[in-house]
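The first chain written gets the first letter, and so on, giving A, B, C and D; residue counts start at 1 in each chain.
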Amino acid sequence: MPNDLALPVLDPRRQPIVRAPATDAPKEKCGVFGIWNHPRGAHFTYLGLFAQQHRGQESAGIAVTDRNQIIAHTGMGLVPDVFTPKVLAELAQSGHAGVIGHNRYSTSGGSQSCNAQPLLESFIDGQVAVAHNGNLINADALRHLFAERGHLFHTTSDTEVMIHLLAAPEQRLTADPIAATLRRLQGAFSVAFLFSDRIEAARDPWGWRPLVLGEMPTGEPVVASETVSLDVVGAKFIREVEPGEIVTLSDDGVTSRRFAPEAPQLARCVFEHVYFANPASIVFGQNVLTAREAMGAALAREAPVKADYVMPMPDSGRSAANGYASESGIPYREGIVPNRYVGRTFIKPTQEERAAAVRLKLNVVSEIVNDKKLIIVDDSIVRGTTTRVKMKQIREAGAAEIHVRISCPPIKHPCYFGVDFATREQLIAHERSVEEIRAYLEVDSLHFLSLDGLLSTMKHDQPSYCTACYSGDYRIDVEHPTTEQVVYKEQLGMF
Amino acid sequence: MPNDLALPVLDPRRQPIVRAPATDAPKEKCGVFGIWNHPRGAHFTYLGLFAQQHRGQESAGIAVTDRNQIIAHTGMGLVPDVFTPKVLAELAQSGHAGVIGHNRYSTSGGSQSCNAQPLLESFIDGQVAVAHNGNLINADALRHLFAERGHLFHTTSDTEVMIHLLAAPEQRLTADPIAATLRRLQGAFSVAFLFSDRIEAARDPWGWRPLVLGEMPTGEPVVASETVSLDVVGAKFIREVEPGEIVTLSDDGVTSRRFAPEAPQLARCVFEHVYFANPASIVFGQNVLTAREAMGAALAREAPVKADYVMPMPDSGRSAANGYASESGIPYREGIVPNRYVGRTFIKPTQEERAAAVRLKLNVVSEIVNDKKLIIVDDSIVRGTTTRVKMKQIREAGAAEIHVRISCPPIKHPCYFGVDFATREQLIAHERSVEEIRAYLEVDSLHFLSLDGLLSTMKHDQPSYCTACYSGDYRIDVEHPTTEQVVYKEQLGMF
Amino acid sequence: MPNDLALPVLDPRRQPIVRAPATDAPKEKCGVFGIWNHPRGAHFTYLGLFAQQHRGQESAGIAVTDRNQIIAHTGMGLVPDVFTPKVLAELAQSGHAGVIGHNRYSTSGGSQSCNAQPLLESFIDGQVAVAHNGNLINADALRHLFAERGHLFHTTSDTEVMIHLLAAPEQRLTADPIAATLRRLQGAFSVAFLFSDRIEAARDPWGWRPLVLGEMPTGEPVVASETVSLDVVGAKFIREVEPGEIVTLSDDGVTSRRFAPEAPQLARCVFEHVYFANPASIVFGQNVLTAREAMGAALAREAPVKADYVMPMPDSGRSAANGYASESGIPYREGIVPNRYVGRTFIKPTQEERAAAVRLKLNVVSEIVNDKKLIIVDDSIVRGTTTRVKMKQIREAGAAEIHVRISCPPIKHPCYFGVDFATREQLIAHERSVEEIRAYLEVDSLHFLSLDGLLSTMKHDQPSYCTACYSGDYRIDVEHPTTEQVVYKEQLGMF
Amino acid sequence: MPNDLALPVLDPRRQPIVRAPATDAPKEKCGVFGIWNHPRGAHFTYLGLFAQQHRGQESAGIAVTDRNQIIAHTGMGLVPDVFTPKVLAELAQSGHAGVIGHNRYSTSGGSQSCNAQPLLESFIDGQVAVAHNGNLINADALRHLFAERGHLFHTTSDTEVMIHLLAAPEQRLTADPIAATLRRLQGAFSVAFLFSDRIEAARDPWGWRPLVLGEMPTGEPVVASETVSLDVVGAKFIREVEPGEIVTLSDDGVTSRRFAPEAPQLARCVFEHVYFANPASIVFGQNVLTAREAMGAALAREAPVKADYVMPMPDSGRSAANGYASESGIPYREGIVPNRYVGRTFIKPTQEERAAAVRLKLNVVSEIVNDKKLIIVDDSIVRGTTTRVKMKQIREAGAAEIHVRISCPPIKHPCYFGVDFATREQLIAHERSVEEIRAYLEVDSLHFLSLDGLLSTMKHDQPSYCTACYSGDYRIDVEHPTTEQVVYKEQLGMF
C-alpha cells in the first residue's frame, strides 16, 4: 500500500491539530477555482469557493498575484470564516492579475493547518502557488526520493511533492517543466498552478476528478471544479478540461496543450455523481440531480417492495427517493426533518446529551411514519453507525416496516484517488454480507443498487468510470507506485 | 397605532447596532425553554434552544439559579456561537436548580444587544429573569406610565415593562403578583419567569403563541415553545399550557393556576403552521408537517393547472408541494438546489457580486426545468423581492411556464403579536391585487390559498385562530391599548 | 456600615464574572473625561482615557451624542482592547456633539461587565449617560428607597442610583434636577452627565476626588479627572472644578453654578498624591511627582538609618526614594528590575510555577545588592503579602540589611470614598504594630511616614485632606447614611 | 552587500503582512530557550520566553517533542497573546521530553508570520525544529546554492537555510551533521535544534550573541539567551555556551563538543550591554545594569557640564543617568513620566491626534524642569526623530538648558549580525557630525560616549567586542560572503 512507503517521520504539524468530527459521511476532497486578470478576482474567487464549499469544509485559501509577487491567505474553517471582509480586502489590494482558490477536506496529509492550500513556495525561478483536488499514489515514493537528495518538507500533503518535482532540475530544465512534472504523477489530480504571469490548470490522464473551463461575461477565463461555481460567478461554461490536458490562462487568453494522452481506460469517479458533487452541477457532461433520480428509478426496478411511502433521508437521499417513487408509483413523502443549524462545532456532551445531540440533527414525524411501511432511500452507507441510529429513531416513531434502499453498491474498498471513506476495516460492507448489514441496521429489508444498475445511469461508456470502491478494480496498480513516468513509457511508448 | 405612544427618546443602545440583513422572509419571534432542578439543566437548555433555533437567530441567552443567586449570559448570534464550551461550563457551575433560555428575533425593541434575553433585573423582592415570546400592544403605554413615575429603562423591549409591572406595588402587594402583572398585559405572550425558587411559565388568554409542558425521563419538569425541543432533550410531551394559565415548576413539581379565563375568542397564530414552527413539532395539538401537506392539497383543489411538475421552493415549500402533487396527480420533482452554507454574514458586494450572491443561495437545474411547465409551491410571499429574483432564475433556466402556488392567503396587514413582517407598505400584497403581484413576479399564473382553504386544514374551530395578517381582523383593539386590565373587567367581570 | 444596608438580593450579573487578580496594590477608582462638540471628540476621548488608564484597568467606555440620540460602547479590559479602530469609528460616526468616557476599577458594585460605565438609561425626559469617579455611602439606602417604590436595578453600582434620583419626580420637577439629585448624595463623586444637548460635570462638596476643566486649542471645553489627560489631548488647564460646583459644557461654552456650598471641612484624598495619580498631574493644585519627593525627604528626616544605598521599589517608590536620597545624602541606586510585559492575564500556574511568576515580575540584581545595607523605599503597604515576597527576593540576592521606608502612614481603616484597599481584616496594619509588620516582612527596620510628616508635604491646610484610611477620622458619618439631604439642612441651613 | 544576492523572488508571504510600527528604537533580535525532559517543560518555556520578551515582541513560538513526534505552535504577538491557556495545555499534552521556544523580532526575513520560529521541518532523518538568535551574512548565497539544486523555500528567514544545509548529503552523511552545518554558516548565531531525542544548542565561533547553560533544581538542563530567564524559571546559572561550542541536552545530561575553534578575534556584541539585554542579566560574564552605570560614569568624566539635574530618559537611560549623577555629583532627578499602557497597537490618528499620541508616551513635569539646566541621559540615538520630539516636549515644559548625553558612540553603520537599526541612510549619525545632530535635536550640547570610554566599562579585552555599528570594523567580510567554510580553512587550517 502506498501509505507504507512513508519516511520515518513525515508529519510536521505547525499548529495544534484540529480533529475532524467522526462522521458516517465520506469525506469529500477539495475544490479548485482560478480566474485570470479580473478586477474583482479575489471577490469572485471567494464566491466561487463558497459555491464549492460542499467539496471541502476543513480549510480554505486564496492566492493572488499582481504580476510580481504572489500572496496567499489560508485558514481552517469555512470560506466565510477564513475570509473576513478585512482579509479579502487585503488580498484584493495585493493583486488581481491571477487568483486561485481552494476548498479542502483532508485526504492525504491529515487535518492540519500546515496542509491548507493553495500551497505557496519559492524556488529558483520564482514563486508558485498550487491548489490541488485529488490524491497521488506515488507521493510517498516521490517524497522519499527528494528527501534522499536533502529536500525539506513542511507539510504532509502530496501537493508539496508536485512543487519539488517542478523545481527539480530534471523537470525544470526541460522545455515544459509543468508537463514533465505532471507526467511523473500517478493518481488523481485536477490542479491549478498560479505563477506571476499565468495560471496553468491540468487534469490527470484518467480524468478522475472534474475540472471545467468557463468565461466571465467580460471575457476573463475561469477554471473551477464544478459548473455550479461558474453559474454562481456568472461565467459561461465552455468545456471540460480534458484528461491529460493543460490549459493556460494568461493575458493571451486560454491556450491548451497535452502533457499526456488520455489514459486508455478513463477513470471518472462515479461517486461524484452518487454523493460528492452539487446536484445543480454538470459533471462529466451529465447533470448530477437527474443522474441521482435515475439511480433511484433503477433501484425501484431492482428492488421493488410494497410500502406506504418512499421517504428520503434528507438531504442526501432526496433525488434518488424521488426517482424511486416515480418509477414505483408509491407515494413520495417526507417525514424526517433535519435541523438546519447543526454544524461542526458542538459542546462535548455526556452520554445522556449525546443521544440528544443525535436527535438534534434529525426529527422523525411520528404522525407520518406511525404504523406505516416505509421505503427509506439514501445515497450510500459508509460506516453504518449513524444510519443505525437513524433507523432506530424511525422505528421508535412507530414505523411498521423499514425497507432501506441505497442508490449505489456496497462500499468495500478504500479510495486512493481523493475520497476519504475511512479505513477498510471501518467500512461496514468490508467482509460483511448485505444480510449482515441489514441485521446490524435492524431493518426489514436492505438493497444496494447493483454496479450495473448504477453504471446504466451514467452517460459515458461503463469502463470509463472508476468504480474501485465497489469493485476493487483500481485503474492503476496502487500496490506498486513508481517515481518514474513508466506508466506512459510502457503503456504508450510516446512521451 | 401602539408604536406612536413612544416616549420622546426611548432607544438606549449600549452596544453598536447589529443590523439584521434585509430579507424577504418574515422574521420569526423567539423561543422559550425552561427546566427545573435537572443536574445538567444548563446543557439541556442549550440543546433545547438549539432545537428552537429556527424561532430566532439574532441572539440567545440562558439564566441559571443555584436557589440563591441568578446569573445570566446572553449574546448576539446563534446558540453555538453564544455558548462556547467555556461559557456553558461556567453557567453550569453557577447553578442548575432552575434554568431558562431564549432564542430571539427582534420584534419590538430592534436588533440590539441590550435587548437580548433572558432579561435579568433586581427589585425589592430579589432577582427575576424573564424569557418572552410574543409582543405586547400596550407596552408603550405601560412604559409611559412607569416613566412618569420616575422609572428608568435600559432596553427597548416590552419584556422590561413586564418586570416594572411585577415590581410595582399595585401588583407586588397583591396575593399573586405574577397573575396581577399578566392581567395587565395586552397582546401575545408565552413567557417564563425564573426566580430563585421556581419557574413560572404562562400563556396569554388568547393563546397566540405555543407553549408546552414536558417531563424528563428522570421526572424533572420542562417548558418549551415547541414539542421538537422536548423531543430533542428526551422529554415526554405532557400537554399544552392553557391560554390564561400559569404553571409553576419547582421542587413541588408542577402546579397550575389561572390568571385569567380563556379569551372568549382564542387567537392561535395560524402562521405558526404556515411557516414558523418546526415541521416535526405538534403545535396547537396538530403536527405541522402534515398540516402543510394538507394546505398543499387544498391549494391543488382550489387552483389546479396543467403542468409537467410540482416543484417546491426549498426548503419552505416542500411539504405543501408534496401535498399539492399528491392531490393533483402531477409529478413532484425538485429542481432548485439550495446552498447549505449561506448564512447571515457575507462580504459586502459590488452590484456585479450581488447578483452572484443571489445565485449562491439557489441554483436552478436547467436539465429539469428546461421547456417544462412548472407549478412552483412556496409557503408565503412577504415583500416579494427575492421571490421575483428566484422566478427570474427559473425562467432563465428555460422554464416554459411558471405557475406559482402559495399555501396561505396574501399577507396584507401587519402583525402586532410577535411576527415582524416588515411595515405595511413593504408588504407586496398591501394594496396590490393578486394579478398585480403576478405581473410583478413575471409568472404565468399565481394563486394564494384562500383563508377558508387554509383554516379547513386546521384542527380547531376556525374562529379560534388569529388570521389578522390576512384578514385585518385583530382579536383585540390594536388602536386603543390600555394600561388597565379593562379587557377582563369589562368583558368578563370576574378578575 | 453602609454595606449592611443592602437589599436582600441586589447582585444581578448579566455576564459571567471576571475576577480581578489578587494583588497587594490598592485598587484605584475610575477616571472621567468629557468634551463638548469637538469634531474628533470620540478619538480625543479615547486618548484622554488612555492617559488616565492608571485610574482603572478593569473596563472602559465612551458615550457619544449627535444632539438627538446617545450611543454608548463599554467593555471589560484596557482602553485599546475595548476600543478597536472599528468600534471607535462607529462611535465617531454616531456623534461628536458631546462625548464622555470612563475608566473603571470596581469599588462598589464588583468586577462585572454590567457595571461598566458610562451607564446609559432612558427616562421620561430622554436619555442620559453617566460617568462617575468616587463612591457613595448612602447608595444602598437610596437603592432601598427606590426599590420599595417598585424600581428595578440591573447593575450593582451606585451610579445607577444617581439616575434613579434624577428621574424621580421629587428631583425631576424641581428647577434644577441635577442639583437636587447631587444634594442627596453622600460621599465622593466627580461625575459627568451626558445629555443630548450638554455635559454637566460636578464635584462633591467635600472635594474628595479631582476634576479639572480645560480648553482645546480650538476652544472646545473639556473635563477630566487629571491634568495629564488635558496635556495629552493638547488642552490648556483652566482650573479645578470646585467642590459643590456644577459646570455645564454646551454650545454656550462653559457655565457654572453651585448645587451646594463647599463642605465646612474639605476632604481632598491624600492618597491621590501618595499613590493614585499620575506623577505628571497637578492634583489639588500641586504636582504629584514633587509631592512624592517631598514625602521621601520627610521620611529621611523622620527615620534616618546608615546604609549603602537608597533603592526604590519600582515603579511606585521611585520619587520618594529620590527625595529620601537627596535629603539623607545616601546614594540613590536602582537594583530591582521590573518586567515591562507582565500584565493581568497569566496562565494558571502550579505551585512551582507560581514562584517563577513572582520572579517574572521583578528581578533583583545581586551584583548591586550583595553584602549591602539597603534602604528600600515604597509608597504604601496594603496587605503586605507581595511586599514580603519581594523582601525575600532581595535577601536571597545577598542584601546584608534591609531597611524599609514607606512614604505614608500605616493603612488601618477602609476607605468608603473610592479606594478599594481590601477589607479591614486584610489590611496588614489593622490591629498590628509596626514592629509586628516588620517581623512579618522579615526586614531589619521599618518606618512609615507619620501623618504629620505626610501632611507637611501638602499644599493646602492639613484639615482639608481626608486621611481616614490612616486615622479613621471620616469626614461624614459612614455608620449612619441618610437618604435625605440632612447634611446640608442641619449643618448649613441654606439649600 | 549580502542582500543583493537574493533570488529573483524569494518573498513568499503566507499571511497578510503585519507591519511593525516605525520607531526610533533599534529592533532587538530574538531570544532562545530550551529545556530537556522537565515534566512542566512547556510551561517553563512559556515563562522563560516571557522573561526574554524584551528580546523580541513580534512573534513567539514553542516546539515540543514526546520523543517521537515534534509539534510546534507559533503566532504573531506577545508571549501571553500567542500562548493562551488552551494552546499551552495542548502543547504540554503533546510532549515534554524536549521543548524549545523563541521570541522574535525580525532582522532578515521581514515581519511575516511565515517567519515565526521555531521553524519545524521534516527531512530524510526525521523532524527538526530550530530557534535562532542572530543573523547570517551568507544566507542568501546558501539559499541560492540550494535553489539551484531544486530546493523549495517557504520562509524568507536565514533559519530555513540552516535546515537545508543539515539535510543536504554533504553535511548529513558526515560523522557530525550539525557541526558540518554550523561550520558553513557565516555570521551570528545562538541556536537551538530540537530533535526527537535531544536538544543541540550552539553559539557561533565569534560569540556575537549570548547563550547560557543552566540547571533546574530538579536537575534538568536548560539553555537560554539570558540569565534572567534562568532566574525566572528557578534554574541555576552554570556557564556560558562557548563560542564554537555545541552542547547537547538529552537523557544523558549535558555533553559538549566543538564544531570550530573560537574565532581568533571574538565579536561579543557590545550593544547587548548598551541596550538589548535585561539589566538584571549577566551577559558575557558581566551584569548589565552595573555596566550601564559605569557607562554613565565614563560619560560624566568625558563630558562634564554644569547643570541642576541629571535626568534619565525613561526607562532606557536610567542606569547610565544614575552613573553620571554619582560620578558628577550633580543631583539625579526624574522629571519625565512614561505611560505604562502604551503598547504597539494604536488607533490610526489624524495629524492632530498624532501629536497627542506622542504626548501619551511621555509627560514632562514642568514643576521640575522649568527654568532648570538639565543633563538628559539616554542609551543611544538611532534615527533621532523621536528624540527630537522628546527634546521639544522638555523645552516646552520650560527647561532652561538641555545637555544630552548618550552612553555609546554615534551609530554610523548597519549591523549584519542580529540588530535591525534601520538602513544606513536612516541612521542620523550616518554622514552627520555630532554638531549637526545637536542642531537637529535643538539642544544646547550633545555628547556621545567615546568608543574607548564604552569599552573601558567592559569586562573582557577590547578587541573581543564587536563595535562595527560605531566603527565600521566588521569582524568578517560582509561584502564577500561565501558558501564554503573557507573562513576556517584559510584562517585556521584545521577543520
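Keep in mind that, in the parts below, contacts are C-beta pairs under 8 Å (C-beta built on N, C-alpha and C of every residue); 3 or more make two chains touch, one makes a residue touch a chain.
A quick note: this is a predicted structure, and the numbers were derived from the prediction, not measured.
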item: Other chains in touch with both subunit A and subunit D; value: none
item: Chain whose average C-alpha position is farthest from subunit B's own; value: D
item: Separation of subunit A from subunit B, taking each centre as the mean of its C-alpha atoms, in whole Å; value: 39
item: Computed distance of Cα centres, subunit C from subunit A, in Å; value: 61
item: Subunit B and subunit C: spacing of chain centres that average the CA atoms, whole Å; value: 48
item: Junction residues of subunit D, two or more chains touched; value: none
item: Complex interface listing, subunit B residues touching subunit C; value: 7-16, 68-74, 87, 90-91, 94, 120-127, 147-154, 160, 163-164, 167-169, 172, 196
item: Of subunit D, residues touching subunit C in the complex; value: 40, 43-44, 46-47, 50-51, 53-54, 57, 78-80, 83, 85, 88, 228, 231-234, 278-280, 282, 287, 289-290, 293, 315, 318-319, 322, 325-326, 331-335, 337, 339-343, 345-350, 352-353, 355-357, 359-360, 363-365, 367-368
